[in-house]
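Order of writing sets the chain letters: A, B, C and D. Residues in each chain are counted from 1.
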Amino acid sequence: MKHNEMLAMILAGGRGSRLKDLTSKVAKPAVSFGGKYRIVDFPLSNCANSGIGIVGVLTQYESVLLNRYVSDSGNWGLDSRDSGVFVLSPREKAEEGLDVYRGTADAISQNIDFIDSYDPDYVLVLSGDHIYKMNYDKMLDFHKEHNADATIAVIGVPMKEASRFGIMNTDGNGNIVEFEEKPEHPKSNLASMGIYIFSWKTMRKYLVADMKNDQSSHDFGKDIIPAMLGDGKTLVAYQFKGYWKDVGTIDSLWEANMDLLDSKNALNLSDPSWIIYSEDAVELPQYIGKDAKIHTAYITQGCRVFGDVNRSVLFTNSMVMEKACVTSTVLMDGAVVGEGAKVTRALLAPGVHIGKGAVVGDADSEHILLVSKDVPAKGDK
Amino acid sequence: MKHNEMLAMILAGGRGSRLKDLTSKVAKPAVSFGGKYRIVDFPLSNCANSGIGIVGVLTQYESVLLNRYVSDSGNWGLDSRDSGVFVLSPREKAEEGLDVYRGTADAISQNIDFIDSYDPDYVLVLSGDHIYKMNYDKMLDFHKEHNADATIAVIGVPMKEASRFGIMNTDGNGNIVEFEEKPEHPKSNLASMGIYIFSWKTMRKYLVADMKNDQSSHDFGKDIIPAMLGDGKTLVAYQFKGYWKDVGTIDSLWEANMDLLDSKNALNLSDPSWIIYSEDAVELPQYIGKDAKIHTAYITQGCRVFGDVNRSVLFTNSMVMEKACVTSTVLMDGAVVGEGAKVTRALLAPGVHIGKGAVVGDADSEHILLVSKDVPAKGDK
Amino acid sequence: MCNAFAIVTPSERHTTVKGMQNYRPISAFSFLGRYRLIDFPVSNLSNSGVDRIQVYVSQNPRSLAEHLSDGRVYNINSKKGKLQLLFNQDSVENDIYNTDVQSYASNIDIIKRQPQDYVIITPGYMVFRQDFSALLDEHVKSGADVTLLYHKVNNAKEHFRNLTYLTVNRQKGVKSIEPNLGNINDRNIFMSTYVMKKDLLIELVAKAQKASSMFNLISILNLESDSLDIRGYQHKGYFSAIYDFRSYYEANLELLDQEKAFDLFGQEDWPIYTVTTDSCPVHYYDCSSVTNSMIANGSRIYGTVENSIIGRGVEIKSGAVIRNSVILGHSTIEENVVLENQVIDKWAHILEGRKIISPADDPGYIRRDDTI
Amino acid sequence: MCNAFAIVTPSERHTTVKGMQNYRPISAFSFLGRYRLIDFPVSNLSNSGVDRIQVYVSQNPRSLAEHLSDGRVYNINSKKGKLQLLFNQDSVENDIYNTDVQSYASNIDIIKRQPQDYVIITPGYMVFRQDFSALLDEHVKSGADVTLLYHKVNNAKEHFRNLTYLTVNRQKGVKSIEPNLGNINDRNIFMSTYVMKKDLLIELVAKAQKASSMFNLISILNLESDSLDIRGYQHKGYFSAIYDFRSYYEANLELLDQEKAFDLFGQEDWPIYTVTTDSCPVHYYDCSSVTNSMIANGSRIYGTVENSIIGRGVEIKSGAVIRNSVILGHSTIEENVVLENQVIDKWAHILEGRKIISPADDPGYIRRDDTI
């Protein structure tokens, strides 16, 4: 076994309940995105492209599909000899019972033995819910240059929105001097992206202490980072510039999909030097029918379009039948819009069928309509 | 996704406490065997050779190494497009909390959603602790021919030992009429091998009912099989002939290793038509030194022998130094017998070092000596 | 599981696809923008439970070697099964000696070592769906020595030139295998697919070599037709063969017909596998207009596309019009180009304003990496 | 990660290993019973963080194609990286034109498409350990145009014939690259390993082609030695080269020396990868006697083995005596055979009682699949 300088741990255990019915049977990181991807493809592909070989995925909630999905490590080329994607659920240990992960830090703590078994110098902690491209290897260089105990990736947000984020206050040298979770009066606009590099030896000590602390909520932001700051450890902010989106709500998930229609979109999924890998669907190329009309769309293989599509994103195997009209809408995997139906400003959950002639959604709605149940044809019920 | 006729579920959650220190940090199915194998290689390779593509491994206890090991599905060729080895630990569900597996049947019950996601016709349930080669595809043919609801593999055991096993009493047609767990006065010598094929639809009903039954111990042998027999379902015995060994104790694990020295051993690990696949160690071929003497041995790559080896099995990277003498002994991975030391009738746990000149084990002992801590050189302490 | 191993054969000596074939063997041709022709026989075999597959290759093996890799994408267990490329290592300068029999002979040790009793031989240059496990069962049940797969066509005057056809009697016995010279429309086109015992193949190869160093498998079967029980088995469903440039062009466009595509691809339990390139979805921009076309992922469409197949990573800029054409991967079509009835090979670059129009029955070809 | 891609070169035109090379290129030779020679350069590259590796092959590519597969066993990410076989597709009949420059020229499009700035060229027929990442750093730091790797030897009269050596000045500048004709023992043997910018390689290939169609990379470097800053870099540690039959035999037996083996394999962070065949451990029976030998898994030993290398799945029956020999995989040595100073190729079968003894300085060779 070759020495692993850094391994990655992806926190993928959240319930993602603000995504409503989309996460009732599917863990949030396994939710589909951008036609052919799942959210977790982003951190996993970033790892592969950054040269990280060992990735632990910490799951616990409704994770059958997620576990199956990430187990297929070849999708990201992470199946070479000393690589692997490992699903880490809570386990029973010799001295202890079985316990759920009590917080982000506890999820890592419960897997100290897994991490130790690779003897890494650094551990990268990621969240499984964000859409972005990032070279973690460069962040590691930054971590080493600064002789840091922890490096936290931050992104500038509009000052007026800063109170919605975990904000890092830094000194002139980029050292983090304070962390404030959703401050009422933010002192900076540098929001934590939930991406941490820790020197493993130091981190390990804090995790062991945290596990024993009954007062702790076992969370990186609330407990570990403040404890390290309190001890005068070196924590530095690594400023990221580029596309980054938390797709935690139906509106933000829809928006992130719509962003793909912008030809100047900074995410640029067609860049050959930083490919986002995903599972390959065994499907024909998309077929566009004789009377179809497509104006600005992002459509993937397996789709069939016979009607009109405007400013919309079509996921694998979705279909738009004759004379149907789909506008400003996301059709998730296998969603079907029946003949003559009209769908506007909506997000159709996987497999949802819109009946013939039905009218769904509203061009002027404040929020995006999530359609998670079949809609009967006009006239039926 | 292609339809999967039958998928396999390997029960790998047992504590294996009779293997003492060998399983203090390693789940029993991950214990090493036969030089280069781990116990779980046998059911996994049997699956691969029987054409089964989807294998769930149900783990819970001290399973970091086991989880890592079976995740590397390419070792058994189970990483082709529609194949996979999936680690299934207890998971939190939308409606329920997190719970350990309460018994063999409960382990399957808690993964009904996993099985359903493949829509199989049949489910093969295996144990992760047995050494044998078996074509499950032929067993499935038998199951279908008999239109059975469940088929249980049985093996003839000496009548006087039958009371140590779960015994199947059959009628003249091979139908199971009674199951007795360790009967005082056995009526037959057909012992259950813990290998079951179930028709999934039928099995699913029994599992759902069993989950709700507070009186149940949620065990196949104690609860599910008797319930099916009680309802008059068709349960048939599939008689297996060949090598089969439960390696549940230090003595039986040692014996199974010694069996490999017998050139007529029915297990025959060199048969090219039914290869037992395993992880490949990145090691040199074994080196046998200038003054080495080897009489009857089973030695794998990475080993180095400079002394005498008699009737012994040497696992990956184990070493026998100059003038040392190893007799009737199993040296597990990386065990080292120092210069001039004598080791007899022992099983050395992975990485154990026997100091120079030390004498370990006794040719006349009733039981095999498990050495799980380093032994100091003669004269040291 | 199937008691047979398989040999996928390269195109025959006398069939050539002008242009395209300079860069890769026919079995490595791109098809429908996403597949390679080899995907069809290998998926058929894998779905039939055949997991020992030997793909013979004569020239330019690179694209095929990279595409097939270790067979995992075709759902073949890489430990138990084996998808291997075999090269005709003894190929001789005078091409008339390079028969299929020569290839078998030069790999006869490997053929002999296969543990299966039967062999299925099927071509890498035809597109169809076939359950070989059912075909093998039928072969065994019939008691025949050799079973040959054929497809009834009614357009053999114009099409399938250079292929062979079977004459069968009422009992499905094969009376002869002859070249299609195009004089009759109704023919049983031989799909170059054989089922027989491995030992019989070994015997036939030895006999053919003895008879003449120019003999191929068909020659020896014709010669032995009295002593062997050779039967035909009729294939039904979609079938096309790639034996010249026009047949390649037409087979692509023909599958825009959704019924035909469904016949070939629509069987739920019969996936046609291929290798992914991890391209992103297709981006259609506001000015695009696309009808009756198949578009592979990774493409960016600003222009007009009608009745065409667009390969992976193709860019069609605004004002460009593509009609009845097959564009292979990674080509760039600049603004205001007009292409009609063309096959554009990979990495080509068609410069602004070009108009390249060919007659429908004589489509044009633009070479790989060409800038025009 | 390394800002270089790599080319692994096949053996040169004028080196041949009699016998063995009829069946596979030198880089596919079995080594120490378990490896193939190609494992050394590819593991070196993978361990150095180079994940785009092109292995050039001229003839008989099958064994190499199967062995390398998609690079996963070498710990190369198959999505981000690429281990590919490249064939010299334009190889011409007259062998003197088949230079390394010709191979680069015929794959120049692929070379140009690599995203890395540097190229490392290293041979598939030498055995050594080298951190190419460190070598590249050194190259960049030195400001040289080309860095060449060499090994100081003191036995060049008897060994390393047909290879080349470097003459270097005190500043490590390379004054010339010349064939080793064996007249002096102390030589800096050139390890056929180059580091340079990709663009320089492209330029040199063009220049070489212009100069003469028989020019190879060494010729053009000699010609350009005044205009380019070409430096030598001394390799230390175990080194052997396979350039004829005896060097192959000796390189195998030499590594029975545990110190040499440790020097090559003992670095914890520098694994030498190879493909497993899932053979079971070695079974030694009661009558066996084995000393100073390396035995690969899958073998069954009843007889006597001394100072030898035994490949995978070999059976040595009782009474047989093997001395100072290299037995490749799957051979069977029957009872009471005596072999001394032999190389036995794969799948050979030595019949009962045969005695085959050659002098130590002129070892014998038994062909693949031979029964003797």
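Basically, a contact is a pair of C-beta atoms (placed from the backbone, for glycine too) under 8 Å apart; a residue touches a chain by one contact, two chains touch by 3 or more.
Note that the structure is predicted; figures quoted are calculated from it, not measured.
Colleague: Quick check: more C-beta contact pairs at B-D or at B-C?
Modeller: If we tally the contacting C-beta pairs, B-D comes out ahead.
Colleague: Quick one: which chain's Cα centre is the longest way from chain C's?
Modeller: Result for the farthest chain: B.
Colleague: Using CA atom averages as chain centres, what separation in Å is found between chain B and chain D?
Modeller: 41
Colleague: With centres defined as the mean C-alpha position, give me the chain C-chain D separation in Å.
Modeller: 38
Colleague: Between chain B and chain C, what distance separates the C-alpha centroids? Give it in angstrom.
Modeller: For chain B versus chain C, the centre distance works out to 45 Å.
Colleague: Quick check on chain D: which residues sit in contact with 2+ other chains?
Modeller: Expected reply: 72-73, 79, 271, 273, 278.
Colleague: For chain A, write out the residues touching at least two other chains, lowest number first.
Modeller: 74, 79, 81, 275, 277, 282
Colleague: Taking the complex as given, what residues does chain A use to touch chain D?
Modeller: Chain A reaches chain D through residues 2-3, 48-49, 51, 53, 74, 76-83, 137, 273, 275, 277.
Colleague: Taking the touch rule as given, give the residues of chain C at its contact with chain D in the complex, in rising order.
Modeller: Contact set of chain C toward chain D: 59-62, 65-66, 69-70, 79, 84-87, 89, 93, 109, 278, 369.
Colleague: Flag every residue of chain A that touches chain C in the complex, lowest number first.
Modeller: Contact set of chain A toward chain C: 34-36, 74, 260-261, 263, 269-270, 275-278, 280, 282, 284-301, 309, 313-314.
Colleague: Please output the residues of chain C touching chain A within their complex, sorted ascending.
Modeller: So the residues of chain C in touch with chain A come to 32-34, 72-73, 256, 258, 261, 265, 271-273, 276, 278-286, 288-298, 300, 305, 309-310.
Colleague: With touch defined as at the start, can you tell me which chain C residues reach chain B in the complex?
Modeller: Residues in contact with chain B: 1, 47, 49, 71-81, 115, 268-269, 271, 273.
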